[in-house]
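Below is one structure. I have some questions about it.
Naming follows writing order (A, B, C and D), and every chain is counted from residue 1.
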Amino acid sequence: MAAPLTSIRARLAGSNTHTLGLVALALAVAVLFSALNPAVYTSSLNIESITLSIPEIGLMALAISIAMTTSGIDLSIVSVANLSALTAAYVSVQGMEAGMSTPVLTLLAVVLALVVGMVCGAINAVVVAVVGVAPILATLATQMIFAGAAIAFTRGEPIYGLTPELTEVGSTTIASVPLIFWLFLVVVALVAVVMTRTGYGVRATMLGASATAADYTGIARRKVLFQTYMLAGTISAVAGLVMVMRTVSASAGYGSSYLLLAVTIAVLGGANPFGGRVAIWGTALAALILQMISSGINMQGLSSYVYQIAQGLILAGVWIVRMEGTRASTWINGKRNGQRDKPTPLTDLPYEEGQNDGSSRAAAGSGHVH
Amino acid sequence: GSTGGGDDTASPAADGERRIVNVVKLAGGDWFNRMAVGNDEYAAEHEVTVSQTAGDDSSEEKQIAVLNDLIPQRPAALTVVPNSPESLEAVLGRAQDAGIVVITHEAPGIQNAEANIEAFVNADYGAHQMDLLAECMDGEGSYAHFVGSLTVASHNVWADGALAQAEAEYPGVTRVADAISSEEDQEVAYQRTKELLATYPDIRGFIGAASTDVAGIGRAIEEAGREADTCVVGTSTPAIVGNQLESGSVDVITGWDPALAGQAMLAAAEVVLDGGELTEGTDLGVPGYESLRQDPEVPNSFFGDAWIDITNDNQADYPF
Amino acid sequence: MNEQPLALRARGVRKSYGGVHALKGVDVEVRAGEVLCLAGANGSGKSTLIKIIAGVETPDGGEIEIGGESVGRLSVTDAVDRGVQVIFQDMSLFPNLTVAENIAMSARISRGRKIVSHREAREVAGAVVERLGLHLDLDAEVGELPISDRQLVAICRALALDVKVLFMDEPTTALTWREVDTLFAVVNQLKAQGVAIVFVSHKTEEVFGISDRITVLRNGEVVADDVSSAFDHDSLVEALLGYRATEDRVLSTLPEHPAPALQVEELSSTDLFADVSFEIGKGEIVGLAGLLGSGRAEVAEAVFGRLPITGGTVRVDGQAVDVRGVKDALAAGIAYVPEDRLTQGVFLEQSIGTNLVAASLDDVTRTGGLLDGKRIEERVSSAIDELSIKIGSADDPVSTLSGGNQQRVVLGKWLATKPQVLILNGPTVGVDAGSKAAIMQILRRQAEAGMGVLLISDDVPELVSVCHRVLFIRRGRMHGEVAGDDVTVTSVRERLET
Amino acid sequence: MTTTTTRPATTRPAPSPSRTWARRLRGPHNEGVLLGVIVLLLAVILVVEPGTLTWTFAGDILRSGIVTLALSLGLLLIIISGGMDVSFTAIAIFSGYSTVKLMNELGIDGAVWPFLLASVIGCALGSLNAVLVARYRMETLVASLGTQVIIRGVLLAFVGSTYLASLPSQLDAVGSATIFHLGGSAVNVLVLPVIALCVALAFVLKRTSFGRSVYAVGGDKESARRVGLRVSLVQTRIYLFAGLLAGFAGMVHVVLSRHASPFEIVGMELNVIAAVVIGGALDTGGRGSVQGTVLGVLLISLVQNSLVRLGISSYWHMLIVGVVILVGVAIQARSSARGQHRARILEEG
C-alpha cells in the first residue's frame, strides 16, 4: 500500500508527467542551441550567465507558485522584493557610514530585509485572510502600496552600496556557477520540503483543493493563509536580497517587468491557479528553460521581441500538447478496447469536469457564515 | 554594418574585424533608431562591425539580462546606454572581467566602465533649459517640471539643475510642485498638465525631461488655448514634437543627436581598444565631441559640448 | 398501460470514462404515461444513462429512440426539443441568477430568442410555481436559498417546458417527506397527461410508492426489469446489491450507567435555535430527527464550531468547552461528518491517503516538524482495512471512488482523530444499501468502543435500526424524545409530523 | 388545471422590509456602496480644497476616464463569465497602432472606418484567446498571459516600434473635435461612441440571450452545458467581442492622444482590472454590471486626477492610489460576504 507521503508526491506526479515534460523540454532547448553555436552556448561563461539570471525571477515565481497552491496569487512579489532590497542597501550604507563592523551589519541588513518581507506578507495575509479580499485583488492593491511606500521613502532615487560581505556573495562563483544560484537551489529544496513534507504544506494544498472541505476538516483557513503569504513574502525578500547582491544597488522601480513573467513561470512549472497542486521543482525548471531560451535567442542575434513571442508560444504550446495528448490517448484507448463506433469529433468533447467546476460548485454550495 | 531594432546582435564579424555591441534602453523607437543610424555610419567608415540590441521594455532588469547573455559572446566592446546606471554596475563589472571594453552614455558616476561619455554636464544642461524658459517667460512666473519617472537619475539631475539655476539667477521664477512623473507616457503628461493648468491658473512655464513629455504638455496647452501665454521647453526630438513647434504650443526643445552620441561611444571604445587613453581635450572626431572635458573628481567621466537647441526655425536640420 | 406508445427506448448504450465502464450495453424502455424507476447502487450508472439521453454526455455506442424516432448524435437542445427534461442529481442551477431566470432558462434557450424579457421570465416561472402550488420568491438569488428550495427550483425548471420524457435523478434527497408528497402528486398528474417519467431514488419506499415498473442496474448492466408489483423491499435490495441485506433494529450494547460523552445545555444561536439541551452517553447512539430546516443541522454545526454559539454550554467528557471554531471542537474530541460529502466532506481531487490523514496531521508529524511517512502509511492501511474501503491505490484521487466508499473515507478521516463524540449529518444520503449497512455497523462498533454518536438523518428506518434514543427538534427548539423500545418507525414518524 | 395542495412548501418568513430596502440601495453588485465612497471622496475634496470641484474638473475626469472605460468594457464581459484577462491592453495598442501605421503606409485617410478596422483587428486578435480558452480550455488568466506577450512581441518585432507623431489629418480631426465645453475642458466627440457602447453593452448583458448566457457561464459552466448552452460557443463570442471592444478602445486612445506609440497602454491592465472589480465584478464570475464599472472607473479617475489639484507631492501618489484601490476592493469583499444570509429558523417568542 502506497503511503500518502508518496501520494503527495503522486499528486506532484499527477503533474509528474508535466515535470518530466519540462525536463525533456529543457534538454531539447539545450541541445538545439548548443548545436547552433557550441562554442558560445556551452561555454562556462554562458553557463554562468544563465545561472546568474535565474535566481531572482525563479524565487519570485516560487512565491507565486506557493500562493497558487492555496488557490491564491501574490502580485506584490516585485514590490516586496524591492522594499527588502532597499532595506538591505539602506542599512548597509547607513551602517558603513556610521562605521559599524561589517559582519554585524551584514547580519542586520539580511535580517531586516527578511523582516520587511515578512511584514509585507503579513499585510497581504491580513487583507486576504481577515478582510476576505480575493488574493488577486488584495495583492494588486498592496503591490501599489508597497511600491508607493518605496517611492515615498527613497523619493525615487536608487540606493547604491552594500556591505563587502554581501557584495562578495553576489559575485562569487563555485564551479563556474554563481553562489547565488546554489543559494537558490537550497531555497527551492527547502520550500519543496515545506510544501510536501510538513503539516503546513499538506494543509495549504488541502485548502487550495477545497476551502469548504478544509473548513470542515478543521484546517484553520486564516492561519494557513497567514503562513502562506508570510512565506511568499519571505521568499520575495530573499529574491530582493539576491537582486541587491547581484546589482549592488536597489531602487523602487527595479524589476517591474518581472511580475507577469513570474506568473508565467509558475504556471509553466505546473502550478494550478485554482489550487491544490504543489509544483516547486517544476517552477525552478520552468525558470531555467525560459532563461536558456532567452540566452539562446540573444545568441542567435534575434530581437528580444522574438523571445517574448517564444515565451507566449511555449506557455500556450505546453498546454495544447497536454490537451492533445490526453485526447489522443483517450482516442487510442477507445480504439484498443473496441469501445468506439466512431471517434468523437474534437469539438464535441464535453466540457471538462475538472477541479475547475468542482471548485465553482463548492463555492456555490457554501452559504455558511461564521 | 548595423541595423536598428536590435535584429542582428551577433551577426558574425568578418574575420578579424572588431565587433562592438551597442546596448540601448529599449529596442526600437526613434531615438535609438537614430543612434543605430550613427552606428551604421561609423561602421562604414571604420574597420569595425557594430550591432544594436536591447530588452523588450525599458527596464533595468531586462537590460541586465541582455548584457549577461552578451558576455559569453565576447564582443570587443560594449557601448551601453543604461536604464539605471547603479543596477548595471555589477553586470558591467562582469563584462570587464571577461576582457570586454565598456563605454557608457547617460550614466554619470558609473564605475565599471572605461569611460562614460556625456553630451554635456547634466546640471549645466538643466540650467540651460532654465535659461531658455526664463528668457521665454521674461523672468517672471511659476513653472512645473516633468520627469519620465522619479527613478530616472538624469532627468532628476536636470530638474535639480534647473531649479538651482532659477533660485540663483531668476528670483521671479518659482516651481509649483515637486518634479512630476509622467511615467514616460505622453497621455499622463497631458493629464497632469491639464490638472496643473486648472490648479495653478497663472502657471506660465513647463519643462519636460522625457522625450514625450513636451508633446503631452503641448497638447494640453493647445486644447486650453494657452499657447501664447505659456512657455514649454524640454528635451525631445523634432520627430515627436515637430508639429507642435510649428503651432507654437511647444517653444524650444533641447537635446543632443543620438547618432553622434553613439558614434562618440564607438570612437571612445576604439581609442581604448587601440591602447590609447581618454584625457582632457581628447578629440573623438565626432561633432560636439572634439574636445572632451574630463570630470576632475570622476576620472572616467567625460563631457562633450553637444547640446542643441531646436526651434521651429531650425528643426529641418535635425532629421530624428 | 402497455398499449401506450414507447416514449423512449435505449439499446446497448455503452460509456466508459478512462478505464471505468460506467455502462456496458444497457437497454431501457419507457412508455408514455408510465413511471419507470431506475434503481441501482451507487455508481451503477444511473446518472450516466440519464446524462446520455439528455445529450449531456456522448455515448461510446448504442442506439437511442425518442418518441419512436431514432436519434443519432444528441445535443442537449436536440433532447429538449424532443421533450426530454432532466432534474439533475446535483440540480445544476445558477447560483448567481434569480429563481425566475433559473426556471425560465431552458425555455429561453429552446425558443432561441435573441432578446430576453424579465417579465416574460417571471411569467413563465410564476406559472410553473403556481401550478405546483409552491411558494418561491421569484426574485431571490438561487445561491441564497436553502438547499430544499433549490431542489424545488430545479423541479420547476424541468416542468417549465412541454415535457414528454421527464428524468428525475434523486429529486427527493433534499426534500422533506411533505414536499415529496407534493412532488408525487405532480408526477401523478404528469403521468395522467401521458408523460413518461424516469425516477431515480435510493429510498425503497419512494420507489414502491410511485413507480409502475422498475429497472435495476448493477455495475453498468441491467440485472432486473419488471413491473413494481413483482418486487418487494427485500427482493429489490437483493437485486441491486446482488446479496441480502437487512434494516432491522440491531443495537450496540450500552453500559448500565454510561458516563456522558457530550452534554449540551441551553444552547442558542441567534435566529437559528434556542435553549437546546441534550446529553449523549459514552457508547450511546442518539438520533436527532427533524424536518429539513428545523435547525437540526445548525445545532450540529454550532457544536462543531461552524456556527456561532450565542448562549449555553457544551461539555465533552464532563469538561466545559468554549467552542469558537472547528479547532476548539476538534481539540475537545468532537468530529463531524457533514451533510454534503462532495464539497464539505472530501477533497475530491486529492489522494485517498491524504484525505484520510487530513484531520490528524499533527499526530503524524515528527518532533522536527516533518511528516512521518511510516506512521502515515500504517494509519492509512489500517483505516482502509478497518473500514473495508474498496480502492485501487491510496494514491488515487477520492473522486475515483463510489459514494459509499467516499463516505467511508470521511469516516476514516475522523476516526483517525480518536474523537469522543462523533456527529453525522445524513451519512447515508445517496449511499447504496450495502454501504449503508456497513456504515451503520461501523457506528455500532465505535459506540461499543465508548464513543458517543449523534446521528442526524431523514431516513426513519435507518434511525430506528441503530439509535438507542431519538431526539426531535422543531423550528429551532427541542421537541421531545423517544427511547428504548418506543423507537419504532411509526412512533418516530408521528413525532416528526406533530 | 387543478392543483393539488395549497399548503406552503417552505415556511421561510419573507425578508424584512428594511433588509430589502438596504439591498435595493446597495444594488445588485454593490453599486450603491461604491457611489457612497465616491460621494465621500468628493466631500473630502470639498472640505480640503473646495476650489477643486469645478466643471473643468468634471471635464478632465471625463477625458481621462474615457479610455479606461473603453478598455474596461471587454474585460467586464470576460470577468462576468468567470475569466480574467491581461491581454486586452496588447490587443488595444496592436489594433490602434497598426491601423495608423497602415494608413500612413498606404497614404489613405478616414475618420470612421479606421475605428471599424481597429475593431476588426481586435476581434481577430481576440480569436487567439477564444481558441485557447474555448477550444483548449486553458485557464483564462494563463491564456491571456501568453497572448499578451505574443501580440505585443509581434507588434514590436514585425509591425513597428517607432513613434508616429501625427495621425492622418481626418483621423486627427476626430481627436480635436469638441462637442461642447465643460468649464475649461473640451469634451471630445469620442465620448459619444464610448457612452453608446456602454449603453449597448448594458443592454446586451441585461436583455439579450447572449448576455444572460455570459452570466450563466460565469455562474456555473457545467450547469450551463446541461441546460443546453454551448459553453465554448459562448466563450468564443465573449473573447471575440472583448477583442473587438479592446481594438476600438485602442483606437480611441490613439486618436485622443493624437499620436501612436506602440509602447503605450500595455502596463495599464492592472489599473483597468482594479476599476472593473471595484465596480462590483467579482473575480469568481457571474457578477458585474456596466453601471458598476462606470462607477469604478470614475472612482479611480477621480483619485488620480485630484492628487495634483490637492497639492499632494507626486512621491505619494502611487501609495494613495494603492490605498484607495485597497479600500475599494475591501468594501466590495465585505459587502458581498455580508450578502450571504442563513435563513431564519427560530420562531419568535
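Everything that follows uses one rule, which is that contacts are C-beta pairs under 8 Å (C-beta built on N, C-alpha and C of every residue); 3 or more make two chains touch, one makes a residue touch a chain.
It should be emphasised that the depicted structure is a prediction, and the values quoted were computed from it without experimental measurement.
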item	value
Partner chains shared by chain A and chain C (touch criterion as defined above)	D
Chain whose mean Cα position lies farthest from chain B	C
Winner on C-beta contact pairs when A-D is weighed against A-B	A-D
Chain A and chain D: spacing of chain centres that average the CA atoms, whole Å	29
Gap in Å, rounded to a whole number, between the CA centres of chain D and chain B	37
Centre-to-centre distance between chain D and chain C (centres being mean Cα positions), rounded to whole Å	42
Shared interface positions of chain D, touching two or more other chains	152-153, 156, 219-220, 222, 225, 285, 315, 317, 340-342
Junction residues of chain B, two or more chains touched	5, 27, 56-57, 150, 181
Per-residue overlap in chain C, given as positions that touch at least 2 other chains	56, 95, 143-144
Listing of all chain pairs that touch each other, if any do	A-B, A-C, A-D, B-D, C-D
For the chain A and chain C complex, residues of the former touching the latter	1-8, 10-11, 13, 193, 197-199, 202-203, 205-206, 209-210, 212-220, 276, 330, 333-334, 337, 339-341, 344, 348, 350, 355, 358, 361-362, 364-368, 370
In the complex with chain B, residue positions of chain A that touch it	40-41, 43, 45-46, 48-49, 52-53, 56, 151, 155-158, 160, 170-171, 246-249, 251-258, 294-295, 298-305, 307-308
Chain B to chain A touching residues, read off their complex	5-11, 27, 51, 53-57, 59-62, 64-66, 68-74, 84, 86-91, 93, 98, 149-151, 153, 156, 181
Chain D residues within the chain B interface of the complex	52, 54, 56-57, 60, 63-64, 67, 152-153, 156, 160-163, 165-166, 176, 184-186, 253, 257-259, 261-264, 304-305, 308-309, 311, 313-315, 317
Of chain D, residues touching chain C in the complex	1, 3-12, 14-15, 207-212, 215-216, 218-220, 222-229, 285-287, 339-347
